Amino acid sequence: MANQNIEQNTDHSEVELQAMNVKKPSPWKDFYKRLKRNKAALIGFYTIVFLSIVSIVGPFLLSMDPSDVDVINKFSRPSAEHWFGTDHMGRDIFTRIVYGMKYTLGVGFGSVFLGAIMGVPLGIVAGYYGGRIDNFIMRLIDILLAFPGILLALAIVSILGGSLVNVTIAVAIYAIPGFARIVRGSTLAAKKLEYVDAIRALGSSDLRIIFKHILPNVSSPVIVNATLYIASAILTAAGLSFLGMGAQPPMPEWGAMLNDGRDYIFDAGYIAFFPGMAIVIVVLAFNIFGDGLRDALDPKLKN
Amino acid sequence: MSTNESILEVTDLRTSFFTEGGEVKAVDGVTFDVPAGKTLGIVGESGSGKSITAMSILQLISHPGKIKGGEIKFRGKNLLDLSEKEMRKIRGNQISMIFQEPMTSLNPTYTVGQQIRESYKIHQGLGKKEGSKRAIEMLKLVGIPSPEKRLDQYPFELSGGMRQRVMIAMALACKPDLLIADEPTTALDVTIQAQILELIKELQDELGMSVVMITHDLGVVAETCDYVAVMYCGKVVEYADVRTLFKNPRHPYTVGLLKSLPRSDRDQEELTPIKGTVPSPDEMPVGCRFAPRCPFATNLCHEKLPSLDDVGDGEQIRCWIYTDEWNGDPGVKVYEPERTTEG
Amino acid sequence: MTTYIIRRLFQLIPVLFGVTLLVFLLMHLTPGNPAQLIAGETASQSTIERIEVSMGLNDPLPVQYVNFVTDVAQLDFGYSYRNNTPVFEEIKPRFWITMELAIYSTILSIFIGLIAGIVSAVRQYSVRDVTIMIIALFGMSMPNFWLGLMLMNWFSIQLGWFPPTGWGSAGQVVLPVITLGTAGAAVIARMTRSSMLDVISQDYIRTARAKGVHEQIVIYRHALKNALIPVVTVVGLQFGTLLAGTVLTETVFSINGLGRLVIDSIMARDFPVVQACILIISVIFVVVNLIVDISYTLLNKRIDMD
C-alpha cells in the first residue's frame, strides 16, 4: 500500500512538471494587466508618449523660432503673447522649451540605449561564464562606480570637450555599471534554472543558450532599469549643460537655458523657472512609469 | 459540554478580507467551544480559515482583514467588546499564541533574553534582573540546556527546534489560561515534532491551561487533542470528541480526510484522496461548501447550506445527511471502514 | 568577521589602482600639451622642452604613473597651472567647505527621509502616505540646481531671509543644504517606507503583537531596527551622490568649495587641480562605501545566517 502511495505521488509530480514545461503562461499578458491597474504608471506612460509627439510635431506648429532675437521685448514676463515670457535676448521661452524637448528626450533615450548596449553584454558574459572573466569585469565596474554621481560624466566631458553628443556618451558610460550589475544578477539566476542545465547537456551552444534562454529572462529588469535610468540620465545631462559642459548656446537645451536663467535670477526668476519645470515633468513621468513597470514586473515588491 | 466548563466559546465568528476582487469570507460563521483544561484541535486544509480563526481570537487580523461579527467569549467575557488596550492585556498574558514558522517568528535583532523579558515587562512590570531570572526558569521548563547562556544569544544561533522551544517559553512566560498553537510542528523535523508536541502536553498538565491546536495533520490531532473541530471553507463542518471523530466520523469531508490518512490500527486496501480541490473564494458554492466534492451530494446539498446541528453526545454536524430533510441514500449515515474497498 | 574586513580591504586595491589610473590618464588623454599650458601660448620651444623634462613628461607612461601615485600618496598633487601654487594648498581650505556641505546635507536627508518613510509606512495608503510619496517623487525628479535657483529666488531675493550666495554664516548654510539634501531625503524616504512595509509583514512582528506589545513599540522597536538595515546601504550611496552634487550646488550658490574648483579648473584646463579634486572625492566615496558595506554586513549577519 505504501508503495502504491509513493508511486501515485511521483506520477502526480511528473504530470505537474510536464504541465509546467509545456504550458508556460505568458508573463507579458499578466504584466500588462497589472500595469493597466496602476493609474500613476499609465499617466507617466501617456505623458512620455505625449511629450515625444510634441518634441517631433511641436516645432512645426509654432509660429516663432527658438533663436529669434527680439531685443525690444527682452525680459518680458509671461503673457498671452509669450506664454512663458522671453529671455535676456527676447527669445520666446515657450518656443525654446518645445524645441528643446527633443534634445532632452534624445540624450535620455540615447545615453541609456548606449549604456545598455555596453552594459548588458558585460553583465551577461560576467554572469554566464563566471570565474576570472566575471571577476575582471566586475572589478572594472567597481572602478566606474568609484566615481560618484555626476563626477564620472564630468571627468569624461572634460576630456572629450563640451557638446551634447559628448554628454550623451559620458552619461552612457556612467550608465554601464547599473546595467551590467542587474544583468549579471539575472543571468546568474537564469543560469541556475534547471532547464538551462538540461539544454546545455543536450549540446546547445553557449550563444544559443544566451540568446534563447538567458536574454528573455534578463529583458524585464533591463527595461525597468532603463526607464528609471532615463530619468537620472536627463538630470545628469541637464546638470552638465547647466555647468556649461554640455549643450552650448544658443542651443535651446533646457539645462543650458537654466544656465542663462541663473545670470538673471535676481531680476527675472521666471527665465529659470520654466525650463526647470519642464525637466521636472519629464523626469517625473519616467520615474512614475518606471516605478509602475517595476511593480508590475515584480509583484512581490508590490506593497 | 455546558457553558460553565468552557474557557472559550466562539459563536458565529465571521472574518473577511476586503481585496480588489471583493470580499473573501475567510471565516464564515465559525462556532466552537474550548473546554477548560482540555485541548481542542482545529483541523482543515490550507485555506479552510483555521489560522484566521486563531488570529481572530487574539484580534491580530490586520488590513485588509476585518472581524465582521460574532462572539468570542473568554471566561464569559466577549473579547470583541474590549478596547485595544484591554485586549493587549490579554495577549501574551491570558491567551498566548505560538506560530508555524519558528525560523522567522523571532525577531532577528533582539536576543532571546530580551524577547522573553519583554513579556514580563509588559504584563508584570518586571525589570531586567527579575525578568532574566524568570526567563531562565521558563527556558529550563521548556527543556533548553544551559539557559543562562541562551539568554544572550540571537535567534540565528539556535536550531529550528530550539527556536520553537524559545517561542513556547515566550508564550507561556506569563502562565496563560489558553494557548493557541498554530501548526506548531509543521516546519520541524519529524523527531523534533514529537518532542515539541510532548512538551506542549506536559506543560499543559503542569500549568493547567487549555490549548487550541491548529493543524492540518490528523496524526497530531490523534496524539494531542481531546476535542476536534473540522473546518472546511471557513465553516466548522464537524465538532466531536476525538475518540468519536476517529471511530465514527460522520461528515463526508471528515470521512474523506480519514480515508486519505494511512492508519496502523486498521487494514486498508488503499488510500483514497478526496476528489477535486478546495473551491476558490470567487466560486464558492451556494449550498454546502463541500457538495462539489462530496460523493453523496444531492440537489439539496448543492442548493441549500446545511446548519451546524447537535446530533447528540455533544457532537455537531453540518450536513444534510443527518437531517430529516435528507432524501438521498439512507445507507450513507454511518462510516464503515469496509466501504473503502468498494471505491 | 575580521577576515571579511581584510578581504574587503584587499578588494579596495584594484579599485584604487583603477581610479588613480583613470585620473592619471585624464591628463594624457586630453588634447594639448601640459608643458605648453604651463608655459603659455607664447613660450619658446626651449622653455616648453625644459618644462617637459622637469615634469618628467618624456618618461615612459608607466614610470610617470608610478611617480604620480607615489606623489599622490604623499598628498603631493603637483602645481596648479593657473597660479603655480601647490595643488594641495589650493584644495585644503575648500575641502572642508565641501565636506561640511555634504555632511550637513546627508544629516538632513537622513533625518527627513527616515521620519517621512516611517510615517508613510505606518499608515499605508492613507492620505498622509500618498502625500509624502508624491512629494518624494517630486524631490527625486527635481534637478537640484534648479531647486537651488528657485529657493534662492524665493527666500533670498523675494523674502530676503537668507543671503543668496556664499558659505560660512548660519544663514548661508540653510539653502544650499536644503538644495543638496532634498533628493537624498526623497530616496531615503522611499527606501525606508518599502523596507518598513516589508518588515511589518514579517512573522516576528506578528509574534510581538501576540505578546501584547503596544503597537507603537512594535513599530518603533521591533520593526524599525530591522527596517533600517537596508536603508544603511542607500545612505552610503546617497553620500556619494551628494558629494558629487556639491559641484552643482556650489555653482548655484557661488560657494568656494571643491565642486566649484573642479568646474573652474576644467574651464581653465588646470588639470592637476581637476585630477586632485576628482581623486579626493572618489577616494572619500570609496572609503565611505567600504565602511557602510562593513556595517551593513555586521548588522545583517543575524539575518543572513538563516
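Some points to look at:
Just so it is clear, A, B and C label the chains in written order, and each chain counts residues from 1 on its own.
To be clear about the criterion, a residue touches a chain if its C-beta (ideal position, glycine included) is under 8 Å from a C-beta of that chain, and two chains touch if they have at least 3 such contacts.
Because the structure is a prediction, the values reported are computed rather than measured.
Using mean Cα coordinates as chain centres, the one most removed from subunit A is B. Measuring from the average of all protein CA coordinates, the nearest chain centre is that of A. The chain pair A-C and the chain pair B-C differ in C-beta contact count, and the higher one is A-C. One finds 51 Å separating the Cα centroids of subunit A and subunit B.
One finds 22 Å separating the Cα centroids of subunit A and subunit C.
Centre-to-centre separation between subunit B and subunit C, using Cα means, comes to 54 Å. Shown for subunit C are the residues in touch with two or more other chains, namely 124. The part of subunit C that touches subunit A in the complex is made up of residues 11, 14-15, 18-19, 22-23, 26, 29-30, 124, 137-138, 140-143, 145-147, 149-150, 152-153, 157, 164, 194, 197-198, 240-245, 247-248, 251-252, 262-263, 266-267, 274, 278, 281-282, 285-286. Of all residues in subunit A, those touching subunit C in their complex are 139-140, 142-143, 146-151, 154-155, 158-159, 231, 235, 238-239, 242-245, 255, 258, 261-262, 265-266, 269, 272-273, 275-276, 279-280, 283-284, 287-288, 291, 301, 303. Put simply, subunit B touches subunit C in their complex at residues 58, 60, 63, 84, 88-93, 96-97, 99, 101, 103-110, 118-119, 122-123, 154-157, 167, 170-171.
Residues 124, 202-204, 206-215, 222, 225-226, 301-303, 305-306 of subunit C are the ones touching subunit B in the complex.
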